[in-house]
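Labels run A, B, C and D following the written order; every chain starts at residue 1.
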Amino acid sequence: MTTAPPAWPSVEELAARIPDGAMVALPPDNSLPSVALAKALIRRGARGLRLLGVPVSGFATDLLIGAGCVAELQTSAISLGEAGFAPRFTAALKEGRIRVQDATCPAIHTMLQAAEKGVPFMPLRGLIGSDILANRPDWRVIDNPFAESGDPIVLLPALSPDFCLFHAVMADREGNVWLGRRRECATLAHASREALVTVERFFDGNLLEDERTAPGTISATYIGGVALAGRGAQPVALLDEYGFDAGYVAAYARAAKTQEGFDNWLAVELGGSEKAA
Amino acid sequence: MIQPEERLAAALAALILDPAAPPARHIAVGAASPIPAAACWLVKKQGHPVRLSLLHKRHGNPFTEGSRELFDLTGQGRIDLFFLGGGQIDGQANINLIGTGDWPGQGTRFPGSFGSAFMYFMTPRTILFREEHSPRVLVPQVDNISAPGVSAPGVFRRGTAQALVTGKSLFRFDPATARFTLASAHPGEDAASIRAATGFDYDEPAQVAVTPDPTPEQLALLRGPVCDEMLETYPEFCARVFARKAAA
Amino acid sequence: MTTAPPAWPSVEELAARIPDGAMVALPPDNSLPSVALAKALIRRGARGLRLLGVPVSGFATDLLIGAGCVAELQTSAISLGEAGFAPRFTAALKEGRIRVQDATCPAIHTMLQAAEKGVPFMPLRGLIGSDILANRPDWRVIDNPFAESGDPIVLLPALSPDFCLFHAVMADREGNVWLGRRRECATLAHASREALVTVERFFDGNLLEDERTAPGTISATYIGGVALAGRGAQPVALLDEYGFDAGYVAAYARAAKTQEGFDNWLAVELGGSEKAA
Amino acid sequence: MIQPEERLAAALAALILDPAAPPARHIAVGAASPIPAAACWLVKKQGHPVRLSLLHKRHGNPFTEGSRELFDLTGQGRIDLFFLGGGQIDGQANINLIGTGDWPGQGTRFPGSFGSAFMYFMTPRTILFREEHSPRVLVPQVDNISAPGVSAPGVFRRGTAQALVTGKSLFRFDPATARFTLASAHPGEDAASIRAATGFDYDEPAQVAVTPDPTPEQLALLRGPVCDEMLETYPEFCARVFARKAAA
């Protein structure tokens, strides 16, 4: 039984809440990024965004970089998967148009967990001897106070993105959102000041009331806004709803080898919508 | 005809089962790693009890906390073996996934370090795997260290590289000396051709063994039940190597 | 469609894996403790257990203390809820028969999270000025290395219980267990060396395959053993399956005011089974 | 007839809505706290936008990570107000949930500190609530400190007690002086009776106000929609105070 959704904002209205210069976190291509919101940011001509890959970056990030929306990227890796390196990222890095801060996957999770917990830092093993650490003056090495003898360990500062954007299966009237096993988005929502979410459909009930939907639900407490966006993760997969569109991404990768090719691809992609200046 | 990928999978499987190494009860396999994944499935289909966590399996993905759960699992000491590659790998088993030239890869930029700066320390053993075997990849010293091959005394580390497998050969790694030793050359290669293709210095036995072919039983497993398991995640690989296509 | 479960151990066999002196973690009365396993531990005459309340303790803990199974208790609180204080705990503390280590709820969660993450410690705000901290020589205060001026903060060491015991709704052939929204048991299972679980019923399928069951499932990776125990949480509630039996707990609280009353209650409760010496 | 519990709920509701205090957008209510829960529901049913997280609600419990999620939420600064009680509460607003006598409560043992040693620091305001108002509970100095009323400069702390509400009166707390001031006495009490029943020293105005009665509108809400919300979690309380029983 489907009824009309409540008076949710449009995807464009949601994107308009994200000011230029904001730190925006995106999950990777296997964990429900909202490509719909990324495209809306491009349509509104966002500038100076500081993107965070949680913990790595993919299609939506390359798109935003190509469209000139991004000033900084913190991530543990960026690629288009089988379609290879992220072409607009690589070009922007070469041309000095974006600042890149390299991390390693568990470090990004850990910084978000520190923010989730409200502590100023968390430790993480590994990292010592890596040039990642050598290039992160914001990370510290201390001697483990619980060890008998010297035991250096890295402390990572808490990181609270201004916004995180993801795409879920459904949301209810309260603003609870359901995304099944992809519960890592919950930590991201907890750590972010505001989570903006697109969903496939409206759920007419309370997702937290039913024991069967509750465990895959993120409470509205953490959700700043929900918009309806059918196939809003596409070309990325959404659980068992739809698969990864490898052909679409491969076509993008070919087109985006040059800025001109990217611009043409984007003009077609954004269709009738006015393109960002 | 034995495919090169089949030989590599069998060589990796032999390393996984190496009785001298710490036991591999639970192996994790990362993104875009069809040959390591095939090796793990081969071990499992040969009847060895091993738990496989395949990070990019879409259906029945074992993690409900995403990749954080893999790193936590590894932190807990529950992952025994992981595979790592590198845009550059050097003679001390340092790996570079960042790029060449100045930080952060002003020459050729690679995708980035993923979890390597953690996994390399926290798994009892790592198998380094890179198909391209050239002086460009196997360098005397990596330009940027994503994860170091060995660590100073006192730095918490559960293990190091067990071996490096390439499209031409198999090297063993000794963490005490931080050096590789050539263990076997794949058919068609010899000591001299490996030396010429390798940018870093390494040790070499008087007689270099030939990497063995997969047994007929292994080939049957690879082309049958192993391929069945891999079709969904690696359709292109299965089509190319095993000439099998997923059902439409 | 229900079929027979696979060859699982009995509750008694599961309890037999827990040696005397083991550190055993139990969730609180609102979060699925396995009362069935606690009773089996009493039947087998377990001794010297070191219990951990995650983060507080309830009915099963008072039962184990009354039966003489417990040497130590670390917890943030213990009570029988509406039925009042935990009588056997209070008596044992008075008589010096158990060692009590007081904590505060988020500290217990944090110590388990440190174990889950494989780090030797994690920080936590609060606590400074509390006598809990003053009585925990194993907790440290350091100066936050990320603060500009002095900022004392507590570091808590990682804590890995030998076993954790909980009761879930169902388990499948692989050993995956489903407990719905009570996902805090996942952290407990991750942090513990072995999770022993009782369930209401067998699930004939793979709980991690289906997007609807996956988010409430704990992977078999963390599960040491599963046994069937119908109403194994009772008198505690199990999600929407059955409610808290307040009358049963109130009757227990009345009986357990004295050791004699407790012993009589237990003799009846354990029925035909041989009572622990 | 106004029940004492109804008056207390109304008094707590007025404190929640105190315009001089930091806003209460999200309030968490712990175990076994029917009167604070009634006050929160009263505020909500009066039309004020407030999110309530009731930890012991069985159906529709908002947390999927158990109590850890509450503490994390609070750590994030998303919980604005919490209620705490105490087996002993002293004049500096220290609370003791451990017990009397030597550590860990060798006199009378209380249940334990729950999350107080964290929540008291991390919420912008705390309302202390204890129905029993006697020298036994309100002591000059608690025997054991579960959570301190004030903290030394430099110790991270978001807030302190806003007030202490008992079965006899309402005190305001001033963290600068670490002292309570009597704000109002409930009907039937006066300055002298409060002084006699209170074990700690506190400040007192020349004229002590009377705690107001709930308005008829408030009483109607408490006995109707507030009771409806509370029936499942607090059946005994609803039966006793509102003479209402849950449907069988």
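Criterion: a contact is a pair of C-beta atoms (placed from the backbone, for glycine too) under 8 Å apart; a residue touches a chain by one contact, two chains touch by 3 or more.
Just so we're clear, the structure is a prediction, and the values are computed from it rather than from any experiment.
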| item | value |
| --- | --- |
| If a chain touches chain B and chain C alike, it appears here | A |
| Between the pairs A-D and C-D, the one where more C-beta pairs touch | C-D |
| Rounded Å distance between chain B and chain D, as computed from the means of their C-alpha atoms | 59 |
| Chain centre separation in whole Å, for chain D relative to chain A (CA means) | 40 |
| Centre-of-Cα separation between chain C and chain A, whole angstrom | 36 |
| Separation of chain C from chain D, taking each centre as the mean of its C-alpha atoms, in whole Å | 29 |
| Where chain C touches two or more other chains, by residue | 113, 117-119, 124-125, 151, 153, 181, 183, 208, 214-215, 240 |
| Of all residues in chain B, the ones touching two or more other chains | 59, 61, 63-65, 75, 122 |
| Which pairs of chains touch, using the document's own definition | A-B, A-C, A-D, B-C, C-D |
| Chain C - residues contacting chain D, complex | 27-28, 30-31, 55-56, 75-79, 81-82, 85-86, 89-90, 93-94, 100, 102-107, 109, 113, 124-133, 135, 149-153, 181-185, 187, 237, 240, 243-244 |
| Sites on chain A touched by chain C in the complex | 110, 113, 117-125, 140, 142, 144-147, 151, 153, 155, 157, 180-181, 183, 208, 211-212, 214-216, 239-240 |
| Residues on chain D engaged by chain C in the complex (per definition of touch) | 31-32, 55-56, 58-59, 61, 63-69, 71, 75, 97-98, 103-106, 109-122, 144-148, 151-152, 154-156, 236 |
| Contacting residues of chain D [partner chain A, same complex] | 26, 51, 53, 59-65, 72-78, 122 |
| Residue ranges of chain C in contact with chain B within the complex | 115-119, 186, 190-191, 206, 208-209, 214-215, 217, 219, 221 |
